[in-house]
């Protein structure tokens, strides 16, 4: 398991190409939106990053359940990698959301359900890593991680709905034009295509990064085992 | 059938992450034996006991206690095990009587009050039944811990360094109690550092070092005060084994 | 079933009896709760006009913070004297241990609520003896404790034990907080029932989902 497997190399190339192509489409192909202007282009990356953040969660839950059932170490690596990658992309989602919000609604933050839920998910991600950080035994780390990933995953839809209901009953206090419209705009076909391409490109990116991360974890595990063997 | 060992451990491996604690350990105990498990710190004695008591599960290998396969049939065997560890497993804010009542309920015992009286008498704590456990000395807590361990009349007793932190008098009191409960036909496995105490109590001595049982001897085959020599020899040949393996 | 309930009852009885003796949890939670109310009083500058609208927020923040103390301590007691092993050695269904602990925790937090409500009444004159409010407190505390007991069982086994529980619990408990606060203020302001029902429903869903989830995963947390 020393050299990079062929499949991963192809995936790397595919991911790089897809992201490059998506970037070209965002800046070269998709039209500039009439009302919001250039800043609207953040939208493609914003949603794609959020999508990867969700993917990370989903992968972590699946890996968590799989680990609890099979007790195979690799599933734990999948879960950990998914959370780490999801955390970074969710952060990108939140920050780009903020960048988008500023010129549109004259505010860095809106308490709208999606953004708020994304931030809470981010906090759960961080909590997951802190939980693992406080444990010595790798088996317990994997087990607790799996359980918390499941609990966190269950809480996300509940969180989203609670804030959604909260917002429909309460008017928005922060100033600016109606944010519940969520900066909506109608997509031309070119925009729709660009949107789809960015989603796909980021998915490739997620898969490539996850695979790399899993390999990293496996190599680290091997190093640890060698070290143990030498000291005993 | 009556001859089947009460405890059967074969090729037991226990790993904590990359750390291998028990390696291909074989261990067998017949009914009524009192096995003293000796070994240096970190040898894996506590880990073995935790696996036998169903608190931990094996990484690989085969463990059978009182006819139950662990970890699959762990729930079924708990009724037959009594465990004393170096932590008291008692609630300081409850009285001795209340602690035993709680555990009695957890073990679904009938005639609880009478049974509690019996075990309190065995361990000599009948007079302190209404006192809070946090006012007990360490020796008294260990005695109450034994009472708790035998409350449900288990077939197998597992003790992990029960003499830890006890003074001379307390140790002697503990030994009297251990002799009494062992004589009632139970199978006992006890780990200990204190070789002098163990000589009188056990019927068999096993040495666990570097993750496996390296030596075993019946009490009848060893002279008085010969345990220390046996133990030293076992450790030496075990480390010699390592050197030969490395070479 | 009988044995299950008996185990559950034994665990609850044990926690209540020990607490009755030491009064450690109730006193620390209670004092902390009162301090939190005072801090909110000055931090939010609760003048009579804004009081009733933020009252439910203050109440729930108090329950959540002091609840964390209780959840932590209740598990730490088991872990420190090795008592958790004692529980796990018993021939009982381990989920019965979970439910017993959760039920005891719930009783403790409700006991704190029984102290906090009259205190708030005295301090702020807001009438809190409202059956709707009491229902919300019951539902909200159940959900919070269901998840909290589970996470406390994990947190107590880590190095960073005390600080970790709030970090694990708060993000996941946000739906309870939101729903409980909205429902509470709804009942206090006597707004029409149709507006409160979605919140009650959310609380119920949370309670059911998380209690079931905890029931399913608890075994994985206490094994070794």
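We just call them A, B and C in the order they show up, numbering each chain from 1.
Simple rule for what comes next: a contact is a pair of C-beta atoms (placed from the backbone, for glycine too) under 8 Å apart; a residue touches a chain by one contact, two chains touch by 3 or more.
The model shown is predicted, which means the values in this text are computed figures rather than measured ones.
Novice: Looking at the contacts, which chains touch chain A and chain B alike?
Specialist: A chain counts here if it touches both chain A and chain B, which gives C.
Novice: Taking mean CA positions as centres, which chain lies farthest from chain B?
Specialist: A
Novice: Can you tell me which chain is nearest the middle of the complex, judged by mean CA position?
Specialist: C
Novice: Centroid of chain A to centroid of chain B, CA atoms only: how many Å?
Specialist: Computed from C-alpha means, the inter-chain centre distance equals 50 Å.
Novice: Using the average of all C-alpha atoms in each chain as its centre, how far is it in Å between chain A and chain C?
Specialist: Whole-Å distance between the two chain centres: 31.
Novice: Could you put a whole-Å number on the gap between the CA centroids of chain B and chain C?
Specialist: Taking the average C-alpha coordinate of chain B and of chain C, the gap between them is 39 Å.
Novice: Among the residues of chain C, pick out those that touch two or more other chains and give their numbers.
Specialist: Where chain C meets two or more other chains at a single residue, that happens at 223-224.
Novice: Over in the complex, which chain C residues touch chain A? Could you list them?
Specialist: 147, 150-151, 154-155, 157-161, 164, 167-168, 170-175, 178-179, 182, 195, 198-199, 202, 205-206, 209-210, 213, 217, 220-221, 223-224
Novice: Tell me, which parts of chain B touch chain C in their complex?
Specialist: So the residues of chain B touching chain C come out as 50, 53-57, 75-76, 78-79, 81, 83, 85, 87-94, 98, 102-103, 105-108, 132, 148.
Novice: Touching residues of chain B toward chain A in the complex: what are they?
Specialist: 16-20
Novice: Quick check on the complex: what are the chain C residues that touch chain B?
Specialist: 3, 6-7, 9-10, 13-14, 17-19, 21-22, 24, 77, 81-83, 85-93, 223-224
Novice: Which part of chain A faces chain C closely enough to touch in the complex?
Specialist: 68, 120-121, 123-124, 126-127, 130-131, 133-136, 140, 143-144, 146-148, 150-152, 154-155, 158-159, 161-163, 165-166, 169
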